[in-house]
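Just so it is clear, A, B, C and D label the chains in written order, and each chain counts residues from 1 on its own.
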Amino acid sequence: MNISTSIWTWVMAACILAIFSFIYKENPIYRFAEHVFVGSTAGHAIGMAVGNIHRFGWVPLTTKNEWHFIIPAILGLMLYARFIKGYTWVSRWPIAYLVGNGVGLSLFTSLNSQAILQARATMIDLIVHDKAGKFLLNRTFDNFLLVFGVLIVLTYFIFSIPQNGPMRKVSQAGRWLMMLTFGVSFGNVVAGRISLLLGQISILLTRWLGVI
Amino acid sequence: MELVKGNIFGFWAMVVVSICVVLVVYLTKNGKFLVKLRRIAGLEAIEEAIGRATEMGKPVHFSPGIADVTGDTAPQTFAALEVLTYVTTLSAKYNAELIVTIRMPNVFPLAQEVVRQGYLAAGKPDLFQEETVRFLSSEQFAYIAGVLGIFTRQRVAANLMIGAFWAESLLMAEGGSQVGAIQVAGTANMHQIPFFVAACDYTLIGEEIYAGGAYLSQDKVRLGSIAAQDYVKFALMASILVGAVMMTSGNDWLRVLFVK
Amino acid sequence: MNWANKLQSIDRRIIYTILLIGLTIPLIWPIGIPLAVNDTTRAVYKIIEDLDPATDVVLLSFDYSPASAPDIHPSAVAIVEHLTKRGIKWVGVSFWPEGPQMSEGIMRNLETRGLKYGVDFIDLGFMAGAENAIAEFAQNSRVITTDVRGTHIDNLPLMNNITTMKDFAFVIGISAGDPGYNAFIRQAVDPMGVKFAAAIVTVSVPAAMPFYASGQLRGMLQGLRGAAEYESLTGVAGRGAAMMDAQSIGHLIIVAFIAVGNFAYFLSKKK
Amino acid sequence: MRREIPLLITFLVGIIFLFGPITTGNIPVLEMSFRQIVSTYLSPWTTIITAFAIGLASINLLRLHGSYVARKRSGWINSAALVISMLFFTVARIIRELRPTDPEVVAFYGRIFDNIAAPLSGAMFAILAFYIASASYRAFRARSLEASVLLVAAIIVMLGAAPVGALIWDYFPSLQRWLLAVPNTAGQRAIIIGAAIGGFATSLRILFGLERGYLGGD
């Protein structure tokens, strides 16, 4: 055992333990750590924001005469108009800009990468043979499951047609397949979550307590 | 100016789909087309949750997810804000205390606007306080630390989480469950849905969050949009089937077309 | 309350305590459970094995932060070790503000072993703008004009033949969330045909699987396990393998609790 | 006008961002491509506007906790800690931003960030391991057929993913890989496709000004 003598390591360990104490019960130590956490990261973000304005706006504006950077500065300041009674509408311009950015960026990509290309990836051989022409039962089964699995789950997401009769059965099967998917995802994630905790425990064991 | 290779089919598909959506929306808006949505249990549970919080005299918490409005997950945030409109209206109706927590600074003014307008429309502008919509921190886990603190200290009785969530999904859902809140959650972030399914009372799966705004408001534009989405799905389902059959018979024309 | 009911509602603190103890012990005294390698991991290894150290430059995108580091940093280290072993040069970049801090540690370690910054590897640092930035960097990889150490890219021979992301022989996104591998697929793989693989936090693996199956991802390291597998392929031992033991115990504890809960549930139903 | 201009801004910005990645070559008359407009103007502008929005949101945080401190509300000490740490980190980070090459400044900021903010963040994230244990214990009961499917799939994958699974039963890892590669891919793919269409339609309504809730009233 080789306990750290650095004050900063102790601060670090205290921070980790203060957060961990929450799993036992909400308590004054956690409450304090929580507030410091929110405050410090908010401060960090504000500092970064000032840095971004300086680096990406102010410097090009003043040294390279890129006057167009006045536009986002004005739009940014317009956000604060919501504090002036009667001028709240002014703050909608920058909001409209940000919304336009998100909408424009997501529109094509969501349809193309996530819908069209995923649909394309499902256009696969329903009857699989190997190179020598031998019929492969297990791959054929897998591919059937892939293609029809996608179709039945999509049926669950039909909203504007009443789900009764055979449609209801298909959509119910879709739900089961989704539950299977969720089980798989959940089980698969456990490993990752445990490794995060392992990371924290090993930080405490190595840097603070010096056990390993 | 020309389209980059690999995007040509996608682009024209987008144009066709857009025209289809706008057309169906137009027809629905003018009453030429009637859309009735199937029941979505998770959305109906929202009223139950707010009602219960009111009975207990405890607050309702709403989170619109942690995504920004400028990235590719922006649509989920927009869907969340549509649901938030409804949640605000219900909170005003029942006089329930509403707490909206925000992670993304860009979402903050939008959420504030939605809630303020919601209370105004319900004739109760005084219910809107500085505390109603709270920015916590743009750091993901600091946001969660703050939310968990609010859960335990204010004894939140209903926890509604709609939008794009990542690792915090289970922290919030399990935290909510530990204070005994009734929970309705929904996200289109595939890998987080299982946690909501496991830890919440009701879960909106994927596209269901986009149906939320239409379902709750019965607004004709949104209803038309949902119907159009169904047609697009049918078209894709048909193309998957045709494409697979063509591939089986050794013809990859459709598969190649899709990446033109 | 009878014991079947009690076992159905064990206090969560008991679960937490057992889990904590179960994870700590194997960390101090490892067990050494053997490990099989996934195809997705082997695919990345194979691509790097086939690169030409004389001409090929690899791009590594460090898109994670200290919070997710335990699950993914070992993968970054394992990949860099493989590149180093093969003498392949690489360029680092980040679309997460904390990314450069992560790559800095790796580079410092390489420097202490005699490799040279600027010759064997460079880091372009953080580029703000999330997915926008990835799109921009994909189309114009010279958009970042100076590296983290303040050198102009025109003076960095590693960047000589690079104009777009397509000029990198192989691109690996080490990605813990958003923006991450998804954005690379949308902005670089689909429109430009960039050869791309990713190291992904375990939680994102199921969601990324379809992209591996469709070929949009050429390979994938699955969280900490991926790192451990990669270490076994390259033969360079790191922290990954050591932590897998504790992970096994953690899984067993969780499965045991689920089993106990269900067993008690059936008993109480029978009654 | 109060409504039309924002709608126009959203539409124009949206169209440019939409065309940016998928077109090449100059737009007639402008002598510039969509891509260049995005990378030279719009993307950096977004970064700057976002930076201003952080200030706006922080005012809310500061006002709220400032008033708790002023009114000496219960727990005001914590609010004071929040305000102080926020101001301290703001100043420290600004100095760090403005003097990025001063090694002392960089080292100091690294020390406070790595030993306060980073461990708090890492610890919060790590709590997930505990929560995943309690959530799976509580939720994974074979109460119905649907719940049983979830339960069985989760257990197989959990055992298949950890090296110990192979020691218990040889087939756990391959069963896990099959579940991940086939049924899981099918289910995920369908959910992704559905959600993508929903997201597309939502964005489209906003682009065309059919959805304007976010703009509020007048």
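Quick note on the criterion: a residue touches a chain if its C-beta (ideal position, glycine included) is under 8 Å from a C-beta of that chain, and two chains touch if they have at least 3 such contacts.
Predicted model, so just to flag it, every value in this text is computed and none were measured.
**Q** Relative to the centroid of every protein C-alpha atom displayed, which chain's own C-alpha centroid is closest?
**A** A
**Q** For this structure, I'd like the pair of chains sharing the most C-beta contacts.
**A** The chain pair with the largest number of C-beta contacts is A-D.
**Q** From the C-alpha centre of chain A to that of chain C, how far is it in Å?
**A** Each chain's C-alpha centroid was found; their separation is 16 Å.
**Q** Using CA atom averages as chain centres, what separation in Å is found between chain B and chain C?
**A** Chain centres of chain B and chain C, defined by C-alpha means, are spaced 30 Å apart.
**Q** Round to the nearest whole Å and give the separation of the Cα centres of chain C and chain D.
**A** 18
**Q** Using the touch rule from the top of the page, what residues of chain D touch 2 or more other chains?
**A** 17, 20-22, 44, 46-47, 50, 53-54, 56, 58, 61, 75, 114, 117, 120-122, 124-132, 134, 136, 138, 140, 150-151, 154-155, 158, 161-162, 180-181, 184-185, 188-189, 191-195, 197, 199-200, 203-204, 206, 214-216, in rising order.
**Q** Hey, what residues on chain A touch two or more of the other chains?
**A** Where chain A meets two or more other chains at a single residue, that happens at 19, 22-23, 31, 33-35, 37-38, 40-42, 44-45, 48, 52, 56, 79, 82, 95, 98-99, 101-103, 105-113, 115, 117-122, 147, 150-151, 154, 157, 178-179, 181-186, 188-191, 193-194, 196-197, 199-200.
**Q** Two or more other chains in contact with one residue: find those residues in chain C.
**A** In chain C, residues 12, 16, 20, 23, 67-70, 128, 131-132, 182, 186-187, 190-191, 203, 205-207, 210, 213, 225, 247, 250-251, 254 touch at least two other chains, as defined above.
**Q** Under the definition above, what is the set of chain A residues touching chain D in their complex?
**A** 8-9, 11-13, 15-20, 22-23, 31-57, 68-69, 71-73, 75-77, 79-80, 82, 88-89, 92-111, 113-115, 118-119, 121-122, 142, 145-147, 149-154, 156-157, 174-191, 193-194, 196-197, 199-200, 203
**Q** For chain D, which residues count as touching chain C in their complex?
**A** 17, 20-22, 35, 38-39, 43-44, 46-47, 101, 110, 114, 118, 121-122, 124-126, 129-130, 132-134, 136-138, 140-143, 151, 154-155, 158-159, 161-167, 173, 177, 180-181, 184-185, 188-189, 192
**Q** Could you please specify the touching residues of chain A with respect to chain B in the complex?
**A** Chain A residues touching chain B: 19, 22, 26, 30-31, 33-35, 37-38, 40-42, 44-45, 79, 82, 91, 95, 98-99, 101-103, 105-112, 115-117, 119-120, 122-127, 143, 147, 150-151, 154-155, 157-163, 178-179, 181-183, 185-186, 189.
**Q** Would you pull the chain B residues touching chain A in the complex into a rising list?
**A** On the chain B side, the touching residues are 7, 9-11, 13-14, 17, 35-38, 40, 68-75, 77-78, 105-106, 109-110, 112-113, 136-139, 141-143, 145-146, 148-149, 152-153, 190-191, 193-195, 197-198, 205-208, 211, 223, 226-227, 229-230, 232-234, 236-237, 239-241, 243-248, 254-255, 258-259.
**Q** Name, in rising order, each residue of chain B that touches chain D in their complex.
**A** Touching chain D: residues 1-4, 7, 10-11, 17-18, 21-22, 25, 68, 70, 74-76, 78-79, 81-82, 85, 102, 105-106, 108-110, 113-114, 116-117, 120-121, 130-131, 133-142, 144-145, 153, 167, 170-171, 173-175, 177, 188, 190, 193-195, 197-199, 205-207, 209-211, 221-222, 225-226, 228-229, 232-233, 236 of chain B.
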